[in-house]
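The structure's right below; bear with me while I get my questions together.
A, B, C, D, E, F, G and H are the chain letters, set down in written order, and residue numbers restart from 1 in every chain.
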């Protein structure tokens, strides 16, 4: 099979998807705690064969502790301004990592927060910026999972997107986004 | 805030979620190609602040090239036995990476393949093994996204699950799973 | 209209849905911060008329701070046993209040945790107990939103259900539920 | 753990989410009718421990009797003008409390009514007012569960939103909303 | 075109779908209130042509007033036994006509009530009876929209099903169904 | 209980929902073929009690034979102009009665046809007319189940809507609607 | 790129997916009626380039006329036995081609018919036969889109499945399937 | 039954749906490998009767090998420009044949790619062209399954649409579409 090209596997760090150097996991004992519910003995030989390093790459995520810290900082920022909001942290794979439904926040805030976070991490930009792109490409907002409304902010590592923080429930998207940025800022400390 | 504990961030390699050492991405120029559609200039200061390394971890994935190679090897194995199947590769985050709807495969095979792959990577075991667990916990099969039917095989790196390959369309789950394992084997070459 | 009966409005405290005594909110100035985005001036007279107290009742919830505390305690308990799980807190109205996707937890764990929490609060019992009821009523598990699998524990106030904590990702439902109970216990401190 | 702040728990009455004073439920016998299907004896000790009051808050709802009264008053108002509509009452948690599909109302009216009610209670404003906000924030209408079309009216208690009444099926949203307001008015009697 | 047969149009009254006799609506002025939002003038000639009577049949429904009366009687019956339930009335077309979420009823009760009502009207039998059919045909319960659990009762007219009443939230399906029957009984008065 | 008013039950014929006169079904033997799968003997006394006539009304539908005739006439009209379309007939309850996926019609045509039919019967107007209403009420198109695009035509009886015919797949909505009207016309013969 | 193998493209006729011989479409003028709404002039050169024959295969379908004939024959068979059912025809790609909701058929019958048809064509066997396979592989029934209940019959061409006919609404699956087979038989005439 | 007309069955080749000449499959042995899981012996006589040729037509598809080749060529084109995208190939029946989630592509790219491919094959035009049609028919974009955003290109055979290739993830739809066209071009080689 003709190789696609080395670039496929050695992506620039810009997206924090990095090729895995040989032996990267060499220090990890093969006998270390196998994942839950999958005794090594039960796995047939063919399946047990590990994928070789050349087939692998890595992606970067916030730990759940970090994501929780950011979400809490977000709620605290809203609280200081007496606003009732919900907050969500979504990773670059599109998976929701943390959600917090704020006390007294409107029912629409929960899912909105998730979608704003998803949107921010998808394009690596605050959703208040992304709204402006609708002028030239109004159907961007029809992409499933997105919400083009202020209140989402991307989280980066080395400039590349690794997560999004979304906030909803305040009277304006700008205010929501102010709180989301407070959450992002908490990760830089 | 009381720290959860260091263990949260320094997971064993068994799940291939590793703490990110300081400077891991040091070789990556901050000026390197910023992600698509997110000009650095547009990002406000607060957002531009990177998350610090202590907040980060990494997960391991198959490259799309590797996943495609595995999926094609799976179809070839089925073809050799004159079976018409569909195949899917799902990563440890639950995202579908590759799908191939085989020529002449039944309409039910496509989504079945995705679900079998999802199930195999979730529990890091072949779905033919997982079916046996239903004897003690029959409601396991009610978990959204899963299909407890032979035909799914996990892909591992250092023994930890990083993907699942699911196959559907052959007369039996055992046959489906045989082809899925051929796909897994292609990753060990 | 024939009144249903006083009992409708004066429920026993057992479900923590209590009739609202007259004047309960007397100390709250009508001029106090109106909810976000709804200037009083904009609301027409007819709409502005408050519902009278006889039409009202109250339900009890965990604060988001408490729910977050419980969810974190749950993750910490899992971490101590080197298990990777996700956790969710769902209130008595069926709304998800907090979710935390644990580092390295399987992709199936997130939604499973939500459903276990929902199930526990719906019947005010640990899901490990509820599984037993399937012997006599196997179709209980077909009720939308539920998952009859160990790992969910109810949170009560004065014995009545106000929330559920759900955990998924450990090798057994019993282990999941042990962690969920650690989360519940954190609320009694 | 650093407390978020007292404000989290002692919200202003404006949203009718109030901190629960100590002993609030003192008069409720712990032995009183336990919730359905959850014999106290079956609940293990750890689970039986109640959450302490400091972790709790309350939200205000219409009783189902009140919500039914409002919905019926709404239909009667429509009937007087020979209009065929459906009506829904949704609470501040976003849950539908009452729906009535009016005789001869169009098939689209049922779900529209639910969404208008949801929208009105989310922003505590009549949906006819909310439509105007789309001029500045056109993507507000992409928030899941909402319908920005006249016909929804909020129900308040002490000025804070506790429910929404939504109506659909009349020739115009203004007419729908007139009937919704009749439903709201019935709650002030 | 070969006619299917007269029987298609002249069904027995058993399902209350009756052929429409010529002139059935003769007393209704063609100029009578045209349906909302559809000015006669706007409708082009071809469309305005009515379907001829030979193409028509009729189905029987509860009025919304009757359905509400039944739903309220159901809740009252539950209340007398201190049970907290939700109730739904679904017509023979499968459309929900009335829902009432009872005070303090579990979150799972609302959708369960709708599904039980749907099941009862689909097979014209109490769901407690229908559960027994699962012994011979266990996959009946996989039919979309159904819930094979006691608590649903059919409403008939001349022995044919025209609606179903579903109840959920009590400790047992038998108890739920007792209340549903109280609702049915209210329609015979 | 205060009666809503007689009008609820005696609607004008305009929507073809008529009150059921006493004895309407008198000629139908109570012993006539009971509905499938519901032996009279199995139904308990309380359930067997019929709803009294005062609680009933009737709605008018196309027979499936008529709906099929209309759908076929629609396809024939399209065929004559060498257009490949799909067609759907939806009744006033919103239920799809007939669908025909035309040979070679685009994959998007099937669901579009259903939605256009639903829209036409909901507002009793051709969808080409309804599109114009979006100028004043652009969010009408956000109502679930609808598609505001030419190609849907209402079917009436005595001027009231009883069904909608929707067509999709031709190069323009006007052309789609021309075919839909051919289907409507077939019902007037 | 290493060819998968010729077999991929030259499947046996058993599934009626046949390789396209060179020049198969030679008689079709490139200038013939271009598909709706896609003027040739608008298509850029690169896109206009046709896929070469080696990349193509064909699948066999019922014409909509044939599928309608079968569906009507199905309803007629049911009618002769005074049963009220719905019927659906689904092709080997899983797309619904025809649906007919029979007069007076229960609301659950429509979607059940579609799923039975889908199941029959997926495994090329009557669903009454497929039910028996659940003894050995009970989770087969968890495959999305399927319903393992008598009433579905496959339609074949040269022994290979090209469609399924599904029926629902009669008192037993056997009876439903009898009618489905009448529909199949109509295609052999 | 009056025949619809010969044209139904003998469509022009423009859509590559061709009438099946008598004996088309004559060379295929009836004894050839019967489809998986459907032993001929198990099929009852009535079902085994093949549909006659007059009831059949054929549709043209890409082989999975060809579709994979096109998808890979698409990714390679993106890679050469250092763009991270996902790609999908959808056939004329609307079924997804191949998906490849590119390394580092945003989470929104996967489903966007599928929808763009679906849109391109539905109207047989590049989605960048289709966007322009929204000026005259803005609600076209409300058709389920579609995304009117540059990045989708149709695949044709003899000028008729047989598949669509959709790409998402690059900074602009034009760039996405450039890559999609590279995929199309690979099929003409």
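Going forward, a contact is a pair of C-beta atoms (placed from the backbone, for glycine too) under 8 Å apart; a residue touches a chain by one contact, two chains touch by 3 or more.
Just so it is clear, the structure is predicted and the values come from calculations on it, not from any experiment.
Enquirer: What is the shortest path, in steps, from subunit C to subunit H when you may only step between chains that touch?
Expert: 2
Enquirer: Can you check whether subunit B and subunit G touch via the same residue numbers (shared by over half) or via different ones?
Expert: Subunit B and subunit G contact each other through largely non-matching residue numbers.
Enquirer: Roughly how big is the turn, in degrees to the nearest 5, that lines up subunit F with subunit G by CA atoms?
Expert: 180
Enquirer: Which of G-H, F-G or B-G has the same interface as C-E, meaning more than half of the contact pairs match by residue number?
Expert: It is B-G that reproduces the contact pattern of C-E.
Enquirer: Where the CA atoms of subunit A average out and where those of subunit C average out, how many Å apart are those spots?
Expert: Chain centroid spacing, subunit A to subunit C, equals 26 Å.
Enquirer: Indicate the whole-number Å distance between the mean C-alpha point of subunit A and the mean C-alpha point of subunit F.
Expert: Roughly 46 Å, centre to centre.
Enquirer: Report the inter-chain centroid distance for subunit F and subunit H in whole angstrom, where each centroid is the mean of the CA atoms.
Expert: 32
Enquirer: When the C-alpha atoms of subunit B and subunit H are each averaged to a single point, how far apart are the two points in Å?
Expert: About 26 Å, centre to centre.
Enquirer: Of all residues in subunit F, which are in touch with two or more distinct other chains?
Expert: Correct list: 1, 4, 8-9, 12, 15, 17, 33, 35-37, 57, 59, 61, 63-64, 72, 75, 82, 84, 93-95, 103, 106-107, 123, 161.
Enquirer: Please output the residues of subunit E touching subunit G within their complex, sorted ascending.
Expert: That would be residues 4-5, 7-9, 11-12, 15, 17, 57, 59, 92-94, 118-119, 121-123, 137, 139-140, 142-146, 161 of subunit E.
Enquirer: Applying the document's contact rule, which stretches of subunit D touch subunit C when the two form their complex?
Expert: 1, 3-4, 8-9, 12-18, 20, 25, 27-28, 30, 32-38, 40, 42-44, 46-66, 69, 72, 91, 93-95, 123-126, 129, 133, 153-163, 181, 184-185, 187-189
Enquirer: Inside the complex, what are the residues of subunit C that reach subunit A?
Expert: Residues 33, 36-37, 61, 63-64, 67-68, 72, 75, 82-84, 95-103, 106-107, 110, 169-172.
Enquirer: Mind pulling up the subunit B residues that touch subunit G in the complex?
Expert: Where subunit B meets subunit G, its residues are 72, 75-76, 79, 82, 84, 103-104, 106-109, 111-112, 115, 131, 134, 141, 147-149, 168, 173.
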